[in-house]
Amino acid sequence: MMRPPLHASPSMYSLNVRDHFMIAHSFRGEVFGPAQRLHGATYVVDTTFRRAELDGDGLVVDIGLAGNVLRATLDAMNYRNLDDEPAFAGRNTTTEFLARDIYERILEAVRAGELGEGARGLASICVTLNESHVAWGSYEGPV
Amino acid sequence: MMRPPLHASPSMYSLNVRDHFMIAHSFRGEVFGPAQRLHGATYVVDTTFRRAELDGDGLVVDIGLAGNVLRATLDAMNYRNLDDEPAFAGRNTTTEFLARDIYERILEAVRAGELGEGARGLASICVTLNESHVAWGSYEGPV
Amino acid sequence: MMRPPLHASPSMYSLNVRDHFMIAHSFRGEVFGPAQRLHGATYVVDTTFRRAELDGDGLVVDIGLAGNVLRATLDAMNYRNLDDEPAFAGRNTTTEFLARDIYERILEAVRAGELGEGARGLASICVTLNESHVAWGSYEGPV
Amino acid sequence: MMRPPLHASPSMYSLNVRDHFMIAHSFRGEVFGPAQRLHGATYVVDTTFRRAELDGDGLVVDIGLAGNVLRATLDAMNYRNLDDEPAFAGRNTTTEFLARDIYERILEAVRAGELGEGARGLASICVTLNESHVAWGSYEGPV
Amino acid sequence: MMRPPLHASPSMYSLNVRDHFMIAHSFRGEVFGPAQRLHGATYVVDTTFRRAELDGDGLVVDIGLAGNVLRATLDAMNYRNLDDEPAFAGRNTTTEFLARDIYERILEAVRAGELGEGARGLASICVTLNESHVAWGSYEGPV
Amino acid sequence: MMRPPLHASPSMYSLNVRDHFMIAHSFRGEVFGPAQRLHGATYVVDTTFRRAELDGDGLVVDIGLAGNVLRATLDAMNYRNLDDEPAFAGRNTTTEFLARDIYERILEAVRAGELGEGARGLASICVTLNESHVAWGSYEGPV
């Protein structure tokens, strides 16, 4: 039986757009030390769209629509205290948690057709939140 | 039957070299909006070589040869209007399209032995074109 | 008579906003070598506003208005072939030349009140065009 | 009378160390729009020390002491809501305001000898707060 | 029989911490050209931890412990001539070789519990050594 | 009597080219701590040329010649142990010391006409050595 070898290198195109948002939040749990206090962060967000073949226009995704969807997604959280957001009640809004949350919101936009019909051919989306010059977190999942 | 789990993490070395080129082009299709006009771009190109085991010198690839091949590959397009290049006739030279085109050219150089005999052991090559501080496109494929 | 020493370090606040534009152009003159051909560039533009004292809101300039003025200034050139722009007829639109051109356009916006009344207190503006990962040009002049 | 020409280029050495802190805050004034809500920021801080001549060890400043003083200065604000800090009562803790505040704190450390005796020969200090990939603010003042 | 397709996009969280070290070394082998002479490098090290699900605190790994382990790992090599280190006798300490060496040291720390009990759930670790603005090498392997 | 105010903002063009070199060295003096041991560094070098007016081609300096002179200057030190270089005998080759040394070498090239006749109109040159993601040193002096 033929199986892809462990090191198989599937072919894949990627396209990334970047934007940012700024929030306040605090964490619960001793592991967080001083970050249990109310503080905040700038998150510079990279959203990477992947697919095996380009669409008819030679694109992974319409970069204009992708930028608009990312901006709208971040605006829903921008300039807010995440501790007060009902959607995050009882959750630690860590960098990696927020990366997945934004992935889910963009995935929903893809399914709602907000990135165009071609975006339904996407293989996966990776969302990376750069929180400083020394740390970032990300989540990648399928479309 | 044993199968690698979905989340298998194969071991892999990577080595990246960076260079750039500057071109003019235009796109066809309403999806491109104002980019249908003749404009241009600086592409800062990352070329990442991957393999499971290092060669006898402890290398993924000879970084000097890799840099030379990348420079020669980009020089063939540098300071040109891609709309006038026969190789691209009738194609939209989008960032992701060009990433694959450069991948194909470097793959050809690998097969021609221009990166040394050791480079035949490469598993894959990923070419990323950074087009601004907020956008990039890439293509990764096997060797 | 008291004079500021050669190494005087005047106090100064600065605020920077970044955006980008993508153009085609060509240069005239043997010094430009292959850049005499029609090619293009992405320019990532840093616009730095400077003043000795903050305004009443604790600001160098309203960052929202500054971003809007920068975006509008770049849109007037974005996705264009600068060789066809009457404003640049007979000029080499080098990185350093364009840096001054954008400085002049933003200065005009400051004088027209588009950055708010407070912006009239600015001391100088510096415009930097990053054209690749290895080269940039800038122009700084008074307000 | 001899005067330094307008374009005089005094000789100057600079040395920069970088670190970061993460805070919550809000702004007062309609000019701030949605930033009047409680939000937050990561500030990546560059502290640049300048002087005309190196000290006896060939240094602008002891980079180890400089890093320690910067870290201690930022720790006094790190993981806090600046709206609750008595030192900032009634002030908008804008990026440019905070740049000066940190400059003042580091200047005080220089005067207290915390950067070593050699640091008394510094000409100026510039503090830059990078708040995202598109915006930064700074303050430079004499020592 | 069901098999994951070649382009399967498994879900995965990642968290990265960055630090650096500075060493001297030389290489043996004609392929290295002038790098056969004693020279040196600054390596800016990105350590990326990956896992399929977050731990109970909403984390990939305790970022404080991760930073400490990375710092301790790099301190064991920092400010040294690697040609004199018994651990590297007879080896070319290339960027990609060192990436794997650091991966092995961090893996050992994970197994020793130095990154906390939760870190035992990690799927893989990727170590990237950025050696200049144009080159980097990395190694990724399983936990 | 008219005098330029303390905050005068003279007009100035700048152009920067970037390259890098990799060296070994050690420092003498207790202030250097572990850096007294033989170690090394990658220096990513920014060379900034400044002048009040552009030359006849619309340039600060011929960027091709500038890049060649920078490359040749760095090659004279690249892949070397600076402790063995007679030119640096008895000196601590700190980042800021090397910045001035490279400034002097480039200034000499300007005076020898290696950057073209137009380069004699330069006002100043600033050389910055980026030694890591958190530290850099520079020297600026007149032409």
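Letters are used for the chains, namely A, B, C, D, E and F, taken in the order the chains are written, and counting of residues starts over at 1 for each.
Please note the rule applied: a residue touches a chain if its C-beta (ideal position, glycine included) is under 8 Å from a C-beta of that chain, and two chains touch if they have at least 3 such contacts.
Just so you know, these numbers come straight off a predicted model, no measurement behind them.
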Angle of rotation relating chain C to chain F [CA atoms, steps of 5 degrees]: 120
Longest centre-to-centre distance from chain B, chain (CA-based): D
Copy pair chain A, chain D: interface residue numbering same or different (half cut): same
Chain whose Cα centroid lies at the greatest distance from that of chain A: F
Pair in A-D, B-C or C-F that repeats A-B, with over half of contact pairs matching by residue number: C-F
Centre-of-Cα separation between chain E and chain B, whole angstrom: 24
Chain D-chain E separation of Cα centroids, rounded to whole Å: 32
Touching two or more other chains - residues of chain A: 1, 3, 8, 10, 12, 18, 133-134
Complex interface listing, chain C residues touching chain D: 1, 3, 6-19, 54, 57-60, 62-64, 116
Footprint of chain A on chain B - complex, ascending: 1, 3-4, 8, 10, 12, 29, 31-33, 50, 52, 91-97, 99-100, 123-124, 128, 133-143
Residue ranges of chain D in contact with chain A within the complex: 18, 20, 22-25, 34-35, 37-44, 78-81, 130-134
